[in-house]
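Shared between the two complexes below is chain A, which pairs with chain B and chain C, respectively.
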Partner chain A sequence: MAATKTQMISRRKFLKLSGALAASTAVANPCRVLYALTKDSGVKNLNEIREVFSACDMCFNKCGLIAQVENDIVKKLDPNPKSLKSRGMLCARGNAGVKQLYDPDRLKYPLLRKGARGEGKWQRLSWDQALDHAAEQLDKIGKQYTRCGFLFMAGTDMQSTFVHQFAEAYGSYNIISHESNCLLSRNRAFLDTYGVMPTPDVLNCKYVIMPGANRFEAIVTPDTMDLMTAMENKSKLVVLDPRFTKTAALADEWYPIKPGTDMAFFLAVAQVIISEELYDKTFIQEKTSGFEELREHVKQYTPQWAEQETDIPAKDIKRIARELAKAAPSAMVYPGRRSSDYEDSTQIRRSYAIVNALLGNWDQKGGLLVPKKVKPGSMHLEAPFYEDNPDDRVDAGMAQMMFGEEGSFKHTRDAILKGEPYPVKGWMTYKTNPMQTGANRNKTIEMINTLDFMMTVDITMSDTAWMADLVLPAPSYLERQDPLSAFLASSTCSGVITRDAVVPAMFESKPVFWIVKELAKRLDLGEFFDYTMDDFRKEQLKKIPEVAKAIKEDGVYNITGPSYGLYKGKPFKTTSKKIELYSTRYKSKGIDPMPVYKSPKSIPENHFRIVVGRNAYITQSASTNNNLLWELQKENHLWVHPESAAALGIKDGETINVKSSAGKVTIKARVTKETRPDTVYMDTGFGVMSNWLTNIAGKGACIAEILEDRADIISGNMAMHETFVTISKI
Partner chain B sequence: MTQRKKYAIIINAAKCIDCKACMIACKVENNVPEGFWRNWINVLGGENGSVRTEFQPSQCMQCDDPSCVAACPVQATYKQDNGLVVIDPEKCIGCGNCVTACPYKARYRDPVKKIADKCDFCEDRLQRGKEPACVVTCPTKTRVFGDMNDPADPVAQMVKKEKLVQIVAPHINTRPNIYYFEGTKLLDWAVTPMLPGNVSMPREFWKTVSTVK
Partner chain C sequence: MVKKLSALGMILVFMAVFIGVAIAEGKGNSRKGKYLFRKSCRTCHTDGAAAKDLSPVSKTQAEWVKTFEALDTLQCKEEWANLSEQDSLDIYSYLHGHAFDSPSPAKCK
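Our next item is the complex of A and B:
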């Protein structure tokens, strides 16, 4: 890829804002009341508007919002300026939330499958019929295959905790979240280095290097906004990404790194920092363990060597390493979020964690922080004991160091397909859509076809619901009362937010809290859910009464004040009580104690590596059918570099075949220099099977169809960048 | 006596991340029909072959010499005392003259209401004491809204302190009330408006202006 090797963009000159204004963007307080209603200003008759606080649920960020309600209709969602984590903003998806509420494609009543799985023939049931049926299946499967024969999977949602509690009361250990398709390998790496998953203080950082993450498109609050504010304040952003994302477009420097080689880059950065002694010696001595081993280990990883691996010139690697060290401790390797990319994705993130340690940015302004947080209480659940249950989760032991409470979607699916170590025959999903987000859709279908019973609770007929036997309608976030939820927000510390119903639930939709309570009653587990949401919240607030007051008045509770310098002299929660550059724990488990670089598999001739990503208008598969967001993007395309397209005779906009060992799709090509010649890309969330998603049915292609299902060896996180595809004219 | 307002927006395009929150917020606030937008983001480069480098938000500029007003045969479009150029839905006959008369392509014919429509800086919100929807929702606060006639207002201060520029059409200067930070790259998307033959335009319109201010 000689063509991309030296390509780099360095062009952004920041336009300075005056002091007062720059300050007002740093702290969110944009909603000044500007103009009072005056009689002589030709005022029209305005309807009365009721304002109700809530929290957005169009993605996981939970941005504070104020719903504008007119005659019991939610007309508009405005950002809540008091919400410090969201810096008083709502993104495009947040604004489109009204169309999650008022969506003609919503599920309206319980449905029972009538035809074959996935055929789309349904029969309407009453809630009583639906719940009786579900309870009967839960009971039957539990008796026949043990309680662990039923798998529970809940997405990121403030009520998912009740699905987990139900699973515990019911007696299954097989509970998985969406996270093993997302960020577990990142968590693993930082946890095993620092003993905790730190939060990046982007706002105060002077030099951010962002490998892979696309923070201006894949919005994470407050990082997205803070990154812009930091850049306004002259901080530097360097992006490593095979795609020219909007983050790359706005960065000071962009390097189209060869996919899968980020570890080589950071080991070389470590080599430069160590060999040139650019680190803080006291910090290294006091706070880290294994420095000598690391020094020896990285000797082999010179910038010259890394240039061959990464396609990034050695002189730039060296310069960036020095610049980082110079800006330290207010410099960071941004940890990123989704890390479901390679089979060694934990080790790749270990290399980020290690460079951060060398920069000495732990607990420093502009570094990696662990903000103060409040911990709402919870209802204590004394889970019953089921004698016939197996010893462990069905995916136990399939990864070297899996998070027991999260599991692995990939490994669970493989275990179910094999029927080993024991059969799992039932599945409940809540607001998660593995049919679209779990690599290898055909395998997911195969797994579903081995089940006796599958039920899905969701707002619309997702592809996962489409495959289920029983589909139960849930209300949107604007129609329900939720428990309190604590969040972390780096430099602005953290806080708590909650939701009350802005308007009553529409159709026959019921919150999952109500659903599990009803199921529990029918299964003689009613005693475990012997409380209302109000009781639950009271319990949560017991020790934090100030939270209730703030939430009532401002719609959010913020802990403010600096969140750095909080851990001076405190030991780390690791084996050595220090930051583990060298992990003795890994060593004892036969895992490389320091990241050892292996070149990614080379791309076979006439093949391309396909990568996963996002833009700011979609939350994977959960929002592509939204009436408003659909206007911004009606289908997805395969990004192909012009050189590669020309070699194959493919024109922009032409429909082409994309094939891997997992499956085959047709999709239109987007011929663009915004990706490397060896890398192709498509957005997630299209090519749906469910034709109840009327805006996007028949549009674009599903990336899960062609992604092969590999896993990170350490954490069991899905590895989605290990797939090679061929593309061809039709 | 309350002083006359002169609403304006100042845009620092270097801060825009093209998230399109402002476009959806506007659409919801103002019931803009499918396929139409009151505000937009111009992207340099883009689709085929070239790469994006800057995102530039825009909308109706509430011009001081609005060609849309001149082009309206029934005076349905007019400029208010507070600087906003608005459309009287009772009067508008939906002829579309103003749509082609705008050098910024800020107007559309609403296929539902069958009248012309465009951004009015969310006048309803202003009357409720709120800033325009696009302004408040923006993650990076790319737009700053305010009253140029109030010396204490941030926009009035920024006009004094910062180097600002405007986007002006090649052949006419409608004297827009949207300002951009100097250094904004894309200042060339305004077009020569198509004015209906039977509309007589004041002579000052036809001055040749290349850059402004």
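Our next item is the complex of A and C:
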């Protein structure tokens, strides 16, 4: 209870700070700060206040919000109480969205690089000049290297679908989502076990084990709020994390597990549940395949053995396994929404999926669910086929089971650098920043320097934009009309949301939908984009009029009713039509059909393992420069345990060197017991190269500079925890 | 007429055998298959058109195998007979490779 109170106070402090800053900026000096950034500087009808529905875009969650608008100026963003997914709340980052809109650092017009790449010399272009130039480069590269010679990469955004459609109409198979720098190994593991990526019903869960995920800081709605509510209702939370995160601080039990050993823990939990017959025999018989193989397989993984690997006492592993089983089926291993960490990341996540299956929590209240969903219609793209194209993606075959529609940033970059199996010489990025989020920044720079042309569409001059040849300004989420977006959340809160422009787009910014339409016209592909956003939305809503009505009236469409008990008697989308404890598909591909534990590489002497994570103030590199959020965190630090710091003579706050085989940075040390002595940590999103991000230029260090690029062998997802660093005094 | 039907039957039987062998050897071009599926199949197999809406995730991999082994039983068998063996195989590769229970189920677009 005390823990809950702390969190609430903390949240109120955020909101108070956000609100106070927004108010002081808006009220104290509206003309200088706000009107100066709008085309129409006339002040009229000061009392006219509109409330406009929208969906937040400060992270991927799309929480419902209501913008308070006065004379086309957004004064404040409030949570939409009708948005069940966000449980009627808006976090500190959501409140700070107003400063993404009114950010003096925003890109204002198209820019063409004039100096060397990354030198920061630019020439202003008109939109016609910029689009003509981009179209010319797309045409030239397509003709010279085939259409697959152009790479497209779009972040999580409601308009990213148009970048994908453009790439397809243009003819390139090389499209990467940001997710190969994020969580594909989790999706891979659960899809291969359950045939689907289930959603955790945290709200109704009685016992949650959270390996690595940091849900009270790395906010996921509704899981973050639901976990708090569940804990108020006496749910138990056990956190395994080498860092003492806020989630660890509020948990019932925290184990600073040795990094890279989560699979050992869960195989031992499985061993206890099976050997003590703590599972639901009917469920196992009816819903799973490969149980006997699993029983044999986990015999070797005893809690005593796991203690040596994980640094977690055997008696605790046994007790936790028994407690979990007792709470089942309202018990779970939280699947996580964190980035991949090790080269066997998919297999680590498979071990989570398997323990969940042993708990029989599929489709159960407080377990793993696949909620009902709405399927908006779509404009079907009849893309042409280019006979001269190569057979497949440039990264095809570089991972054992890559998602063809997601690709792998790491493998694509390697293939481009090698020039094999064919050259890729063009790159378009939209609202993604691999220069900050893709491990081994120097390699990304090297790759960019092999390209003939690179263009970036973004709101601000990110590090990726900084390296581009052509930079095109996009509006923020508050200035544009988006398509509908269906979302799956957990209990009774899946639905559909959309956005209309809350205020007119500022400067010369244009949405990426408009950009690809204009490029398509210039490339003789206009017929594939011969529709407006209104047309697109009408098509989406054609068969779901109730959604249109709800969105108009409430700003969101919620699916109500229980999300569990929906799949009784229905087969799973797997080869065996059951939950695959033993994967015959893996076996046929030469992959271990059940997770086989291998100890993580030992940390060399005088080295530390560096791990990644997040706090509640920032969404990686997308928000560190935000005027309000920057007030909460002005730079990042390297977390170092006091024992390790003392051995190296490093003091708290001292600037130190951090070095790996990928690169070297300087950063201030944060000497803290909140990490293990063998593990160091830093936030993402600092140490920028772009000096157009004026708040954070020259502050902190870039983690992508020192992370080595390793990949999860199965999915091709970047593996973020495989890097060892040395630290030293300057 | 009988001759015509028997020729059609032979073409489809031959195609089924060819596809069966080619499937085993993994020779289809899934990328081209996607284009051909849209061009040749989706004109009818879409919402509001003559046939049931169809996409790779409409069937499991095993069901697609069965479908392609029995093209001569489909209502649209004449359309199939007009496609080349390679085109049919490419369509199969796309549908099978992105089936309901495949490693990369097709996304709705």
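Everything below uses one rule, namely that the second predicted complex is superposed on the first by the 680 of 730 C-alpha atoms of A that agree within 3 Å, B and C clash if a C-alpha of one lies under 4 Å from a C-alpha of the other, contacts with A are read in each partner's own complex, and residues count from 1 in each chain.
Note that contacts are C-beta pairs under 8 Å (C-beta built on N, C-alpha and C of every residue); 3 or more make two chains touch, one makes a residue touch a chain.
Predicted, not measured: the structure shown is a model, and the values here were computed from it.
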{"item": "Which superposed partner A:92 touches (first chain B, second chain C, both, neither)", "value": "first"}
{"item": "Chain B versus chain C as contact partner of A:192, first or second or both or neither", "value": "second"}
{"item": "First, second, both or neither for A:730, with chain B first and chain C second", "value": "neither"}
{"item": "Comparison of chain B and chain C by chain A residues contacted", "value": "B"}
{"item": "Partner chain(s) touched by A:116 [first = chain B, second = chain C, both, neither]", "value": "neither"}
{"item": "Those residues of chain A which chain B touches in one complex and chain C touches in the other", "value": "none"}
{"item": "Of chain A, residues touching chain B in the complex", "value": "9, 11-18, 20-21, 24-25, 30-38, 40-44, 46, 49, 75-79, 81, 87-92, 94-96, 98, 216-217, 219, 224-225, 228-229, 232, 244, 246, 249-250, 616-617, 628-629, 631-632, 642, 652, 670-674"}
{"item": "Chain A partner contacts - residues on chain B that touch it in the complex", "value": "2, 5, 12, 14-15, 17-21, 23-25, 27-29, 34-35, 47-55, 80-82, 124, 126-131, 133, 135-141, 144-147, 154, 157-158, 161-162, 181-184"}
{"item": "Touching residues (chain side chain A, partner chain C) in the complex", "value": "161, 164-165, 173, 191-192, 195, 375, 377-378, 380-385, 389, 391-392, 401, 403-405, 543, 573-575, 577, 585"}
{"item": "Chain C to chain A touching residues, read off their complex", "value": "29, 31-32, 35-36, 38-39, 42, 46-47, 60-61, 97-98, 100-101, 103-105, 107-109"}
